[in-house]
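The data blocks that follow each hold one structure.
There are two complexes below, and they share subunit A, which is joined by subunit B in the first and by subunit C in the second.
Showing the complex of A and B:
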């Protein structure tokens, strides 16, 4: 009886450690998401053009589990975010997300057996960096770093750095220039024109 | 009487000359004798591509501080210590990038201000950084990348 109890508690303990380690590991979480994305891209039943819509929907769901679009939009708008009303912020996040999807989903869909190597993670709670390298078929290495933020047990991506260029900083500069030279309204109009 | 006046004049002139020399050397040497008020922040970069201590820190092209020191961390990244003028508040989501003046000019740090409510205090670390873009690396990828 006692042996059984010890075995049980130790098993429970092991399980707890394992599940905790699993949860608090940003690289592992990112890997799960990326694997899910690749799985969807490889599914033969989604290859036909008329399934495009469904495929995009599935991809969107998987990606929004790991990517914090609101945080990205907030950081991209920077100073100008504070002056916006809740309604405007919501609308902006929606447009920004659409813009990213339009820009990057098409590239993701061109995926053809690129290898992804997870190099290292640096955790500095509540922030972390996961460094990866994508190796294309002609063996060109593209370094992609993900910056993540801890939200309870989940790690959420708030910036992606490709070849040393930050996505958030790129949009932050562009948005700032547009708002300065005309207005916030014209930025929203431009985004809307681009994504709709 | 007249002779003393002459000597006094020369003495004043010499003293003024020494002060001027002192002022010039302090100014040229970039020494902060008066302890210019500013606060120190740190930023960690993957590569700084030849950034030197004393390089300027700019926002929108305006110098708002300078690089005080650079050292290597245990992870083999570069830790850059910067002194920022106290009248320039920086948010904790500001992004620091290493840029080059012109195509082959000197390196400097450019900061794009963020929108967070938390401001960086003396001794804080700027988390968001962009390293120097490795032009040769990109070029070689462009040149040798395509096999097909």
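Showing the complex of A and C:
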């Protein structure tokens, strides 16, 4: 009886530990990435304009570890995604990624001198949301939420919500409008003109 | 007897393990289920925009106005007035509109927030020297998460956006939020000054506010493919979120 109890308790612990480890991941993973981004933005040796390209490259590497651009593109194009060929999708992800990196970096760059607080994470496998707050110098609080998705052992960001405004939803509305009022081709042209 | 006990024990174990196994999901159900919006992969926030051609014109007008007049003025102003000063002025205007927030908290049944707003007002007006210093918020950490206004109150009562409207100078709004802004205007003490003075004070308020947010509009424009739609959608998402709170 006793043996049985011990066996059961250890089993229980095992499950608890396993589920804890599984549950506590996304915030930690996100924090590592955001810290890395801010570190690069603050590096004095990358501040000069001629280092801009190197800086972009480093940032791109760090960000692509955590952000799932294909998922973002798929969600932003929504029903229009299904009609695209593999080639078109690939090209679209490439262009959209550039735009998103720029948008996100511009935002986070402004906040790099401020305090970022990781408030809470909620997990509903395979989804998770990590709520952060940026506190500016005059103590205005700007909530930034990250939506993440589990990909094997990693959590990948598929949407960033700044002050209640979802980036992906915002682009979805713009893309849908442009495609419906003109065409997919003109959307890609506009996107290309914007980032290249 | 012993056999029964053992059977019971195993059943207990089984249920327990079962529960633990599903703990994550069950637990998550409680906390996340009320915002399952991540499952909506294709939702588009919509607002009726029958005035779109007109709104786009006003949007263009505001864009020019911003770059040709408002921005240079705010820039000049920010060079003359130090940032700390501008924050103090912003605090002052935030403080005198406390009645708007208190009333709207009450109208939404947020008694505690109403209390916090009222107490902050008293503390900031006295300890914060006429509200120039955010004594309650900064020193006492007494803060309401969300500034309430009449537009949100109406939304809270179930009144929809109506139609999207872009106002000259003032920018994006909806029919509901416009009514809200007008209603709130009655609780803004500045509007009880003589007309000329009121306009002057509002101009200072507006310039001061713009000087603290230079670059934000430029950022939105730079990251948008259709800035009109981007700002319309951001406005609607932002307001919907505030109303939900």
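Keep in mind that, in the parts below, the second predicted complex is superposed on the first by the 166 of 196 C-alpha atoms of A that agree within 3 Å, B and C clash if a C-alpha of one lies under 4 Å from a C-alpha of the other, contacts with A are read in each partner's own complex, and residues count from 1 in each chain.
Operating definition for what follows: a residue touches a chain if its C-beta (ideal position, glycine included) is under 8 Å from a C-beta of that chain, and two chains touch if they have at least 3 such contacts.
Because the structure is predicted, anything quoted here is derived from the model rather than measured.
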item	value
Partner chain in contact with A:82 - subunit B first, subunit C second, else both or neither	first
More subunit A residues in contact - subunit B or subunit C	C
First (subunit B), second (subunit C), both or neither touched by A:103	second
Partner chain(s) touched by A:147 [first = subunit B, second = subunit C, both, neither]	both
Touching partner for A:166 - first (subunit B), second (subunit C), both, neither	both
Which superposed partner A:191 touches (first subunit B, second subunit C, both, neither)	second
Touching partner for A:127 - first (subunit B), second (subunit C), both, neither	both
Touched partner set for A:178, first subunit B, second subunit C, both or neither	second
Subunit B and subunit C footprints on subunit A, overlapping residues	74-75, 78-79, 122, 124, 127, 138-139, 141, 147, 159, 163-166, 169, 172-173, 176
Interfacial residue positions of subunit A with respect to subunit B in the complex	74-75, 77-82, 122, 124, 127, 138-141, 147, 159, 161, 163-166, 168-169, 172-173, 176
Sites on subunit C touched by subunit A in the complex	6, 9, 13, 16-17, 20-21, 23-25, 28-29, 31-33, 38, 41-45, 87, 134, 137-138, 145, 215, 219, 222-226, 229-230, 233-234, 237-238, 240-242
List of subunit B residues in touch with subunit A within their complex	46, 75, 91, 93, 95, 97, 112-115, 117, 127-128, 130-134, 138, 141, 145-148
Subunit C contact footprint on subunit A (complex, rising order)	1, 4, 8, 11-12, 15-16, 19, 22-23, 74-75, 78-79, 99, 102-103, 106-107, 110, 122-125, 127, 129, 138-139, 141, 147, 159, 163-166, 169-178, 187, 190-191, 194
